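Structures are listed in the sections that come next.
Both complexes below contain chain A, partnered by chain B and then by chain C.
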Partner chain A sequence: MKTTELAVIGAGPGGLAAAITAASAGVRVTLIDEYPHPGGQYLRGAAQTSTPPVSRTEQRSRQLLHQLPHPNIEVLTGTLVWGIEDHTLALYNADGVRFLRAERIIIAAGGRERVLPFPGWTLPGVMTLGAAQILAKEHGLLPGKRILLAGSGPLLLAAAKSLLAQNAQIIAILEATHPIAWLAHASAIWGNFDRLREGGVYANVIRQHHIPYRIGQTIIQAAGEEYLESVTAAHLDRRGNPIPGSEEEIVADTLCLGFSLIPNTELTQLAECQHEYNPARGGWVPTRDQHLQTSQPDLYVVGEAAGIGGASMALLEGQIAALAITQRFNHIPTLQRQLRPLRRFGAMLNMLFSPLPALDALADDETILCRCQEVRAGEIRQAIRDGSHTLSSLKNHTHTGQGQCQGRTCGPLLTRLIASETDNLPENAGQFRPRPPLKPIPLSALAQEHHP
Partner chain B sequence: MILESIEINGQSVLVPAGQSVAAALFAAGISIFRHTHEENAPRSIFCGMGTCFDCLVTIDGIPNQRACMTLVHSGMKIRTTANEND
Partner chain C sequence: MNTTADAIIIGGGIIGASCAYHLSQRGLSVHIIERDFPASGTSRACDGLILQWDKLPGTELALGLASQQLWQELGSQFGAEIGFEQAGTIFIAEQADQLDAGSLKAYALRDAGQHAEVLTPRELRELEPELAPDLAGGVLFPDDLQVDPRRATLAMLAAAQRRGAQIHSEEPVLDLQRAPDGDQAITGVITPGGSIAAPHVICAAGVWSAEIAQLAGLNIPIQPRKGHILVSDIRPKKIHHPLLEGGYATTVQSAAEDVQVALVAEMTASGSLLLGSSREFAGFDRRVSLAVIQAIAQRAVRFLPGLKHSSVIRSYVGLRPWSPDHLPLIGPTSGALGFYLASGHEGAGIGLAPITGKLIADWITGAALPDYAHTLLPDRFESLLEDTTNVLV
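Presenting the complex of A and B:
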């Protein structure tokens, strides 16, 4: 079995910062990412872009990316980590399956987008903001001709900017939260001027292109035969209930959605790290000490996978974990001080833009909740009424979460649904238990282990 | 820009090197990638980053490959199941 001094899982800003900080101190690093190019979702297309960075964070992240290849870093892209046990990682890539033993591990697995279900959300043409942004940023393509953006949070604006750079026709941007809620959180802005400047860049682009930015509205229905043809927009009250009579049908072939991000915790769960439910960090997160070490010795987690806070936070956290591993503790307090306003800002965004409770009711009983197994909301609500009050129990009784995505998409939706149907705390619904392989791998790859 | 020749549902197309299969399909005007087992419902790109497994296609004979996480290579043969159902 191959060995390494430090395995970094995820090559986004947090993973890059960790890998390069450790490698510059002479540590032998293996940097692993599932996508064929390093950079994570944040730096998609950044290697060949000519667009100026929108923030210091983007500039710094690109600089890190350009430090690859690095003599002390082995980069394994296109490589899935499908298992983690003690200090051994199970890997799969085009060469097949292999195992890697790492003295220390930093997980920087990032986050994923939350999309709330509503009638028609499984139609082709309905996709996440990230999916549309990747097509535009990395491939210079547009997802469609008449595009609508809906959801909540700053990613709406970031995605709009990427799409407009490819001359997209954006009909409108629908932000579900109300401005009155924004004011209540204004104090967290202090000390986050780089983020504010970034917001200003986005606002300017939207204004220059005369894109309507509609606040307190969302999409409640999508319709079409084989592909999206039209959507229904509605005004929302402050709890998120559509206001009767406010519905408006809009012709569109593309609907991009995102209700903020949630952390990818499958690896830390599989490694049996302790987790806690913290809505200010985006939901379930691994607990960490001041050096970002989890409850498992020599296993660290940084960036969105430990709590949604943006790339600026991930860059600092990656450095802190790598400095702790290389015993350069005297550099850490300064970084921890810089982290504080970012954490405050991240918590503000997570609370402010976490989906309004009544939005779960948009999914009528006929709406599919589990996209893989095609389990409808009605069946799941019935199972909850029949006593299934945890994700595991719902999985047993309805097949939800048993498909290819292994509950990554439906899991967070079920957490909210159980909480609202039983009037209980979301954390009491528990989590799906991830099991290896964390994502499907072909049997043929398992049958012949690769011996380098 | 370097172009590579691939085959989508039996038709030869030229695509930029380094493009994802999902992007290549969209660029070729194919935006329905498959139909589901249970309800024969159409699916396409959804999350775009390897999480949701909606964008599954057959690549070089191996089924259930994520179009969003696979890059094209010269001579690649892609089949969407949308085509098989026609």
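Presenting the complex of A and C:
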């Protein structure tokens, strides 16, 4: 089996910062990413682009990316980590399945958009903001002709900028949060001027293109024969309920959705790290010590995978974990001080843009919640009323979460639904238990004679 | 909640469900205590094959055949609701010596009144065109059955509920109640919800039975034995029978310490394949082993080469309650009056659930018992009354 001193999983800003900080101290690093190019979602397509960076964070992240190739870093792109067993990682790429033994592991697996279900959300033409960004940033393609963006949080603006760079026609951006909620969080903005600058750049782009940015509105229904043809938007009251009479039908062939981000915890769950539920960090997150080490020795988590906080936070966290691993502790306190306002800002965004519970009622009983197994909301609500108050129990009684995404998509939806139907805390619903392979692997590759 | 009942069943898996089904059928008032939710343990992490050819002649086969009869009755009662199917199974032989072993099983089962048909390599491929061309042959056992274990558990519990049984979900057993005069009789259970008194307390807690038995002062030798199952994506091609490699019977009977792997392939209703199987002692560790995933994948591709084009979408492990002599522990215990065991079936719990529930009901109601019932009594293990302070694995 191949060995490495440090395996870094995920080559976004956090993973890049960790890999380069460690490599510059002489550590032999293996940097692994599922996508064909390093950079993560944040720097997707950055290698080809000529547009100026929107913030110091983007500039610093690009600088890190440009330090590759690095003599101490082996970059494995197009490589999925599908299992983790103590210090051994199970990898899969075009060459098949292999195993890597790492003395230390830093997980920088990022986050993903939360999607909320409503009638018609499974129609072709409805996608996540991230999927639309991959098309635009990596392939220079547009997902459709008349595009609507809906959800909550800054990613709506970032995605709009990426799409506009490809000359997309964006009809409107619908931000579900009520403006009054914004005022309550104003204090956390102090000290986050770089983030504000970034927001300012986005706002300018949207203004220049005359894209309507409609606050306090969201999509309550999507319709179309075989493909998305139109959506119904509505104004929301302060609790998140659609205001009767405010509905408006909009013709669109593409709807990009994202209700803030949630951390990717599949790998830390698989590694049996201790987790806690923290809405200010985006939901379930691994617990960490001051050096970002999890409850499992030699296993660290940085960036969005440990709590949503943006690329600036990921950069700092990647450095802190790498400095701790290389025993350069004296540099850490400064970085930790810089981290504080970013964490505060991140917590503010997570609380502000976390969708209100009333939005879960948009899914009527016929709406599919578990896409892999086609389980409808009505069946799930009935199971909850019959006493299934955990994801594990719902999985047993409805087959939800048993498909090939292993509950990645429906898990966060079901957590919210159980909490609102039972008037209980979301953490009491527990989590789905991901198991290897984290994503489908061909049997031909698994059957190869390489042993962990 | 302080109440009384005729019988309390600890464990809402398929064994507990069958006990509840049979006891309530005989008019007893039953409470089922489940620390999580029905079918949350081993009964949802296993295959649903009901086999006879893996049983050794004697008590084991007699139990199996009696249970097959009861499954047929449940099948006609519940049918599709429990995924019941007389799919038969095919024993597949890689080498000639395995085919010989399979043929011997076929003859033995025929003597016991079962159907069995030895297959040439060509006949085997006619029945299952996806199998590799270089196999020695196989044996078709058309009387073998298939059910959905989870749905069967829920259906039997629901039937018991209709006859008045009460299910207490998310209620762990905190302690057992004893008779006040200090003898060893068990008279009820204590849960966070209160206490329930009953003259009969049945432990159907599967791999967690040792923990419960310890509360009764008994040291039972049941240990968890871990098994892996891989789930394939939904495939255009089908297999027509559950397929089990000949080596399976050997791994079933073996008590080896290392990991034993033999292919078991079963189609689900949605069209994906469940691929097993492994057996290993790893305590209560429920982590999926990467090496075992690979070993099962290798066996699967060896016998079903077309699977190369399929993917594994996920995997899971189940813990099976292993008993040292490969027979379950069913019946009353002399060391704790009123305390019954219905556990230790290892991988045969689904198949043997109906007969287990019936035997427990027979013991409790004083009905006539078959001869083999005495062979299954927990008292056969001398360790039962030894010091219980250090037994937990």
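Convention: the second predicted complex is superposed on the first by the 448 of 452 C-alpha atoms of A that agree within 3 Å, B and C clash if a C-alpha of one lies under 4 Å from a C-alpha of the other, contacts with A are read in each partner's own complex, and residues count from 1 in each chain.
Just so we're on the same page, a residue touches a chain if its C-beta (ideal position, glycine included) is under 8 Å from a C-beta of that chain, and two chains touch if they have at least 3 such contacts.
Given the structure is predicted, the values throughout are model-derived calculations rather than measurements.
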item: Partner chain(s) touched by A:Q63 [first = chain B, second = chain C, both, neither]; value: neither
item: Which of chain B and chain C A:P143 touches, first, second, both or neither; value: first
item: Contacts of A:Q290 with chain B and chain C, given as first, second, both or neither; value: neither
item: Which of chain B and chain C A:P442 touches, first, second, both or neither; value: both
item: Which of chain B and chain C A:N428 touches, first, second, both or neither; value: neither
item: Chain B versus chain C as contact partner of A:R112, first or second or both or neither; value: first
item: Which superposed partner A:E34 touches (first chain B, second chain C, both, neither); value: first
item: Which superposed partner A:G403 touches (first chain B, second chain C, both, neither); value: both
item: Where chain A meets both chain C and chain B, residue numbers; value: 373, 403-404, 440, 442
item: Chain B to chain A touching residues, read off their complex; value: 16, 18-20, 22-23, 26-27, 31-33, 36, 38-39, 41-54, 56, 62, 64, 68-71
item: Complex interface listing, chain A residues touching chain B; value: 34-37, 41, 78, 112-113, 122-128, 130-135, 138-139, 141, 143-144, 226-227, 371-374, 403-405, 408-409, 439-440, 442
item: Chain C-touching residues of chain A, taken from the complex the two chains share; value: 83, 85, 88, 90, 97, 99, 272, 373, 387-388, 390, 392-393, 396-397, 402-404, 406, 435-437, 440-444, 446-452
item: Chain A-touching residues of chain C, taken from the complex the two chains share; value: 36-37, 39-40, 44, 150, 154, 169, 231-233, 270, 287-291, 293-294, 297-298, 300-302, 307-317
